[in-house]
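Here it is, the structure in full.
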């Protein structure tokens, strides 16, 4: 249940898999993303509502052949240049995209977690997303005759999330903004949670979301594992790192060098201890 | 926002309304139910997943013309005799029923809270509920062609819940087993929360569900308002009262006398103070 | 007989408890199923993961809950979730190994009625209804039914199918698209029945000590199928009985 | 001019803030909308209820969040819910009065593009995409758009409709079944546009002090409709500017 991060990635993430690393600004599983880069995974279908700089890094490193998403940017800064380069110029490999809205993606995970093949929502109507995205259809209410939008369930091969804590049985505890992580984990065939720390006993916290051990395939301790994103109660968001990414990522060479130094050279030591 | 219970019921619950008093063993809004009896409401369509003895009382008092439900019993004791008498003998008035499973009812509230006309689930297949219950249909997945079950949204005119606390702005806080109350409140046109106490500040509690003031029409203080059900952190379930109800409710006359003495004679004083 | 004495309800409960293993997730109904599940957790299956439909995941009650929504379940659970979440995120996708159900009526294909005796529109006895049972019966990997055996309960044809067992026989679950395997065992106060691997018809495979096959036949409202070799249910151990009685507060039989 | 000086971004933000009232629930996008909403909450609308798509309901940040998922939003919120819940339980049923959106491109019917410049399959510039915007634009009772005015942004025809304004004109929202009223105001660094009550075409109704109608026309990629009487936007007050600058950390213009 509790494994080293490299072992967790090796056993759970395979070439060609559909992989979701979820996190909504908060608790982004960056350390796990870097480990995927280090292990040289290829042809992944990456899934995430808000792919940010760790997805830019995975894409720039050539791990992905497809991205399923609803908003791809560097929050508060601007665009993702590796993502742009892959889409606009096919570098380092072409990137296929499947593009949704947040409401659609959230409902796709909900359907996935619920074991039904599709979800119903009011969404997309009148937008140009409907043309290029084949996974948006309509469904008619059998009671009112009203036409609504349908999106298919998302069931990743593996979902990876980062959380504050887990106990030794593998119960995972997160709090603060917890986004769509519960649904993403429950929708997946396999799941890995990286955590700030493994503890003997999970002290209850208001606003907590617990992923029971039966919903989690493996847990890996990765203190600081969501840096430069943040872990509520542990460390703050490193906004400078997001700002700095803009310049690094604009240039293929600068990016390649950054990747060599900061990812491929080996895991970074935890940048922060407990206590924000 | 904060009103006396009798005023809250007078303003929010009208003859002929569809009314949900939700609560899953825990936090059942009994005081509110008794106030509805005292105010002599008629022709209500009552909704609840688990109608228990307060619904038996509402039915026996002649408030309801229809019940939408999934399990009608006296938990841990047996059947509801007033409910039986209304269905089997039309006493005191005939009771129409619309009968679902828990999964179906829960999803109907979810659809109601979500502003969509129906929900999709795997349910009812092969059961005899499908015949007599018109609100169970099928829908075909537009992606896989698979046939699933559809149930229509539930949107009560008014939902009533009981909670531990509210602040003066009308934010309502409950914890422990919170069932389907959030969805039932969000699905309703209007809502009333009775609470054990109104406080200046809601101290966060692990496992809490907050109903923000914008989701709640009115709050009424009703200490002990879920007795003989329980309020986690305030008082325990009065199992003896549930046991005693069996004998009282078996007989029309005993029931009528009980109703006179315990409900129609006026609100009971709070049987418990804080601190379980 | 042995030195240890026990009631027919006690051997029923102990036999049901033994059907549960340490690594299972079990969706528990209140009453006999809850007693059996908690007995298993206190004896051979401490890791048994109990789910109640009120939203408690991994409840570890130290006393028997009287209803599926007791406070003790919330206090001891790994986590408490909403009722929609229990059904949609946990039951429906097939995450639960074993569903534990009771019955007012059951037929030879383990179809269960908890809705009405008599005609639905004009019932002789109105029962509580479905609750979570239809989807528990449909979606758990396996189902275990606990019900006292009598011709009132074991009927040729149930008055109302609240929860599907094997429908009208082998292959029906697959035709209906139900994803769980269906009832794998019906445990009564007289013995144990299991579906025939070919026909899915409930077949008496074991009788409790002191019970004859004839007793079981007499308590069944159809021509009861009986296995070529009917076993005798192993007796409750004194440890099992001690734990069971501490749970139920019963004095020795 | 007056003694108080301000930038065009500042009057844009102040004007947007003034569109919000104390009793509103407002679904806030990050950047200019968030600044304006927090300014309103600090000045004339202390009861303004801010919702961010990360799941925070009733956030009361004391500093401006840099992203829609900042910790300060969770710490100060009435409650934090999951992302599915924000969209399904709060946005979709029409509980939100005002949605605040930005835009990369906007057309005369207030349709918005935040997806691509150029062809979707072979884009000139790939932008971040839809996020929550399509459903915010569809389901909030009203929408306010904040965008700097230029011929690059105000285009004859958007390259991609990410979020629907009035489609191809009056009546289109109703035909599409969208339940919110659509954009009621577009606030720029030059002035304010509102849909014509008959045609739904964006019409210049106000210019900021020092801006001519001709400036607004020159910054618009279509033949800009202009109201018969164009007002002059009231200037920011010194209090508004002080609060705004304390929020953004900007020094006086």
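By written order: A, B, C and D. Residues from 1 in each chain.
One rule holds for everything that comes next: contacts are C-beta pairs under 8 Å (C-beta built on N, C-alpha and C of every residue); 3 or more make two chains touch, one makes a residue touch a chain.
Note that the structure is predicted; figures quoted are calculated from it, not measured.
Q: To reach chain B from chain A by way of touching chains, what is the minimum number of steps?
A: Minimum number of steps from chain A to chain B: 1.
Q: Looking at the contacts, which chains touch chain A and chain C alike?
A: Per touch definition, common to chain A and chain C: B.
Q: Looking at A-D and B-D, which one has the bigger number of contacting C-beta pairs?
A: A-D
Q: If you average the CA atoms of chain C and of chain D, how far apart do the two points sit, in angstrom?
A: Inter-chain centre distance comes to 58 Å.
Q: Between chain B and chain C, what is the gap in Å from one C-alpha centre to the other?
A: 28
Q: Averaging only over C-alpha atoms, locate the centres of chain B and chain D and give their separation in whole Å.
A: Between these chains, centre-to-centre, one finds 41 Å.
Q: Do you know which chain B residues sit against two or more other chains?
A: Within chain B, residues 114-116, 121-122, 146, 182-183, 207 contact more than one other chain.
Q: Can you list every residue of chain C that touches 2 or more other chains, as numbers and ranges?
A: 79, 88, 92, 139
Q: Spell out the residues on chain B that touch chain D in their complex, using ranges where they run on.
A: Residues in contact with chain D: 113-116, 171, 182-183, 186, 210, 212-215.
Q: Quick check: in the complex, which residue numbers of chain B touch chain C?
A: 24-26, 49-50, 69-73, 75-76, 79-80, 83-84, 87-88, 99-103, 106-107, 109-110, 121-129, 131-132, 146-147, 176-180, 182-183, 207, 209, 230, 232, 236-237, 239
Q: For the complex, give me every residue of chain D touching chain A.
A: 30-31, 53-56, 66-71, 73-74, 79-80, 82-84, 87-88, 91-92, 115, 120-121, 123-135, 138-139, 160-164, 167, 172-173, 176-179
Q: In their complex, what parts of chain C are in touch with chain A?
A: Those residues of chain C that touch chain A are 25, 49, 57-58, 78-79, 88-89, 92-95, 139.
Q: Could you pull out which chain A residues touch chain B in their complex?
A: Residue positions touching the partner: 114-122, 135, 137-139, 141-144, 146, 148, 150, 152, 204-208.
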